[in-house]
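Some structures are shown below for you to check.
Both complexes below contain chain A, partnered by chain B and then by chain C.
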Partner chain A sequence: MNLKTSNIYTAPKGFSPQLIDTISKFKNEPAWVNDFRKRSLEVFFKKPLPSFGPDLSKINFDDLSYYVKPSPGEVKKWQDVDPNIGRIFEGLGIPKFEQEYLSGLKTQLESDIIYGSIQKELLDKGVIFCSMEEAVKKHSDLVKKYLGTVVPIADNKFSALNSAFFSGGSFVYVPNNIVVDKPLQTYFRINTVNTGQFERTLIIAEPGSKVHYIEGCTAPNFSSANLHAAVVEIVAHENSQVRYTTIQNWSRNVYNLVTKRAQVRRNASLTWTDANIGSGITMKYPASYLLEEGATASLLSLAIADKGQQIDSGGKMLHLAPNTHSNILSKSVSLNGGRASFRGLVNIDQQASKSSSKINCQALLIDNLSQTDTYPKLVNASFNSSLEHEAYVSRLSAEQMFYLMSRGLSEPEASSMLVLGFLEPILKDIPLEYSVELNRLMELVMADYYEK
Partner chain B sequence: MSLIVKNLKINIGEKEVIKNASFEIKSGQITILEGPNGSGKSTLAWTLGGFPDYKVESGSVRINQQDLLKLKPNQIALSGLFLSFQNPVALPNITVAEFLRNAYRQLSGKLSSLEEFADSLEKWLHYLKLPISFLDRAMNEDFSGGEKKKLEVLQLLLFNPRYAILDEIDSGLDKESLASIAAVIKMLARNEKTGFLLITHYQKFIDLIKPQIFLTIKNGIIKNSNEPKN
Partner chain C sequence: MKNKLLVRLKDAGQSREVTRLIKVKNQELVNLNVDVRHCARHTNSAITIIVIAADQAEVNINALVRIEKEAFNSSAIFKIRTLLVSGSPKITVEPKMEVLNETSKAEHGVATINLNPKALFYAATRGLNATRTRQLLIKSLTKAAKM
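Here is the complex of A and B:
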């Protein structure tokens, strides 16, 4: 292996006035992007940490490196990988080359051929699917028109941080009435350059178009950087249908603080599927702004909080026009002292007449050490709209466990069957290859649980 | 060959539910256990199946030399004892097919025989007058009383255990189904040498079965009563 360390650039820790210029220079990006970054950094300094949710006071912003230029030749030693993660890889039966990539041993995979053929199919339809780096250069006007319009720089401290240092992430543009049949997938499966500490994704679905975007993978994704602050912006124009699926499984050292938001226009529909399995602390509340009549949105939220994990997730539905409809289904599993919190905001505005929203929030506690909370904030200002909220907490039933075990299933087998049954209404909407892996992952989690 | 229960004493919390139970379930024979509601019949059945919340104060339960009381419910099932529940619990979002496949894999120990499994599954569904679409339903969810019992009998037929405790398998069934389930029990006892303990107080069912041995339970004590009542 030919190692050329000169290819790698890691910015010095902390902020410096020149840092943004350095990044812009490395990326060779237009001046407006440089300006956008600089404005964002100023906002970041002014913004306080969130006043709710998990404790973030341990994040030392001066001890972080804000830009790493990835090098395809970068190699670390297999021994550097958390042995726990290695063992899980084995259990999942992930191919060696994917294991190496996911462990951070390799930063790129040789999947360019698949990527290339899909790119041609998309190109023929006029669909743009590329990295954000490429987009700001090749499709500068489009990006400039939308970037920061869905998630404003000043939305929160971490959206400002992302706006200042974004690197990686995808740009998707689907022209009028174009249907993209196959899901667009990031990470190792197709796109090879999209992981990053401050990913930025922008999806534009023009009127009448249809697209499904999937990010993530079910295998634990090892990251040496312990702060991930991504931003996802989606514009779903008239009559378009957009699905966004996330399966997040960062290693346990990671703070995963993500802002995701969609504008949903007339008669358009938006579906978020948000599965959070990894990370130490996650704060993520995908939001749908139902801006015009007939817009609909749904959110399927899945969280698994194991030992030492705090998954603070949920979503927001803002009804700002008549006949808008939204639906939230949240399912969480807490075990080994993990904590899963659901935070839901639904606001039906005065002008959003004849609208409806349903929230159903279900938590499963595996043991007495674990915790679950629900923080609903629900406002219905429209006299002829409806808003329903249901929440319940359950435990693994001794009777159900006994029934399954009396049919020969061991404790891990019986419990993972029950947990998967509990999660089924969400799993059935996750593409098969991912849900199969999620099933295996859950079996491993439960096997571990009973082993201790 | 038999499953031998000796001087068994069971508590639920502080309450003594079974004060003394000694009996045998013999291979190829059908034993009836009768007794009023709340007399501890189901507690006894669940304890023999290994339910961890019931406390065995003393006594033993053995198949050959193996003490079942030391085993977990799945190990008890693997050593050949099948327990059919009076009110089988619903398992939301777990389909009958998925459940049966998993249980069969455990209890038959044969991974390769899925084809054979599918064949016998089809045969027994037909026998019990259950449609194939039954397999796609969630376990015991919105089942009629009769459907729940038929699913238990279906498992009995598929898993072919050495011993079976059937807790009020006769309730919620129409006349025809009652007769075919009685026929299944007699057939298994005769052909497969399955040892049965039937918990029931339904005379019509007892008449169909023509059992060999009668046990009664009263005030937590199990007695052998060879005289079948008429």
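Here is the complex of A and C:
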């Protein structure tokens, strides 16, 4: 679906400190944010492109617009959304989804959040779920305390770019011992060609709290590139439980270069579910820093690499305290010339005694045009900790295909059934509504594959 | 100790099985590069590396197993078993795998483990001293990894 929208402001292509002033002026943000942005831009110029992974040399930073304002501001009711914009999200079924399954919702088009809601009872309990623009003004102390502490400006070139031009994204704050029953969700959409989307998400879960945050991403297909360089920072305090689910279905012209990281404190737990189906090139490695005793983290990573796609995903687990435990399960499917790579790091530090980590990478290679790789790095410096890694690459079983086809299923039906069975351990962990969509999507992908 | 292990399977039907044991202690440092390439159809490789490390020793293993496009129906198995015996040894393993042929199978596994306290206790109750018990456990690990 490619519904056109007219933007209120589109920044000229390319970037400069003046553009940062323009953004700050539009957002009416405090001086410290403007200063943070300008420092970040300096770092961006100094940092090289990543020396590993897909080729990013074709990104033309001068041919992108770094700030696009689609509407006058965030509204709290769907009726108040510009009908042209509202139609996009209605087409994606977002308002219905909000009513039935969510505690709160933000929708972001281009650079800004255009709609936001949160259930009243959560507001009453002190839960904050707002755009970063609103957070830097209304909750400046909290944002100032945490912004850039989990993902430093100089972490990589794209975290610096995000820090310079961040716009949109969500700020979530869950007070002590508050449980947010239903998920909070932000939906991201890029609708304008040659733009960059640099949302910034910051989640603070105070001791004993529990929250599930979901993000979904889509864009129509354009002939030239769009860049999505988000930064996600999570702080899971003592005994808290945080789940972060991503369903990424960008169009094939999008470079998806995202930095996600969490600090996990004493006895807290963090779960990343990271499904990458779209984009041309993805580089994304959600990281968990297990900082205090008893912290646990897990990552479920799913990648589908179709024609022209290079999905370079994985994760990092850094064990920096005793009795910390982590688990990574990665599943990928490569077909039609796509390339799926798992890149991971597990580091069990010397002081992380009695810790454990398990990594399991499974890849399906459907045809001879495609490629699959695993690039793990495993470091164990604690003699009484255990670290296990296993990986295998296989194809669709000819015997199983034969059996299913002998029962009357067509080749596309049989193969999509086998692929879905292969992905099942991750799909069952994705919210049901998305899981159903992903099932349907895989059926379409396999049907399309056999038609060619 | 040779610090390179190169395996090139260039002829159809070629197989190669290698087991290498690395024992390090004190402040020894071992860097091992493993490079396994399947370049022809029906090639098989089974590489096992066993590391037994103690004290402040350090072992770095950088491995690549690659199955080329033309290596139809090939199979690659790559295993690393690491036993950290005592002290604070450090093991870094990068077992990379690149597969370009969908008819082939590849798998790798890395396990870093320590001496099982239950096994140590059991052996002690059967009258074995600590040194003998360690020797037995290391021997069993070596055997298991070769299987």
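Criterion: the second predicted complex is superposed on the first by the 379 of 452 C-alpha atoms of A that agree within 3 Å, B and C clash if a C-alpha of one lies under 4 Å from a C-alpha of the other, contacts with A are read in each partner's own complex, and residues count from 1 in each chain.
In this text, a contact is a pair of C-beta atoms (placed from the backbone, for glycine too) under 8 Å apart; a residue touches a chain by one contact, two chains touch by 3 or more.
Keep in mind that this is a model prediction, so the values were computed, not measured.
In the three-chain model built by superposing on chain A, chain B fits alongside chain C with no clash.
Of the two partner chains placed around the shared chain by superposition, chain B is the only one that A:421 touches, whereas chain C remains out of contact. By the touch criterion defined above, A:381 lies against chain C but remains apart from chain B after alignment on the C-alpha atoms of chain A. In the superposition on chain A, A:397 makes contact with chain B only, while chain C stays out of contact range.
In the overlay built on the shared chain, the residue A:350 is in contact with chain C alone; chain B does not reach it.
Touch criterion met: A:411 reaches chain B, while chain C stays clear of it. More residues of chain A lie in touch with C than with the remaining chain of the pair chain B and chain C.
By the touch criterion defined above, A:367 reaches chain C but does not reach chain B.
Here chain B and chain C sit at a least CA-CA distance of 14 Å once the structures share a frame through chain A.
Note for the complex: chain A touches chain B at residues 397-400, 402-411, 413-414, 417-418, 421-422, 424-425. Only residues 350, 363, 365-368, 370-395 of chain A touch chain C when the two sit together in their complex. The touching residues of chain C, when paired with chain A in their complex, are 69, 82, 84-114.
Residues 46, 49-53, 72-74, 76-78, 82-83, 85, 88-89, 91-94, 99, 102-103, 106-107, 155, 159 of chain B touch chain A in their complex.
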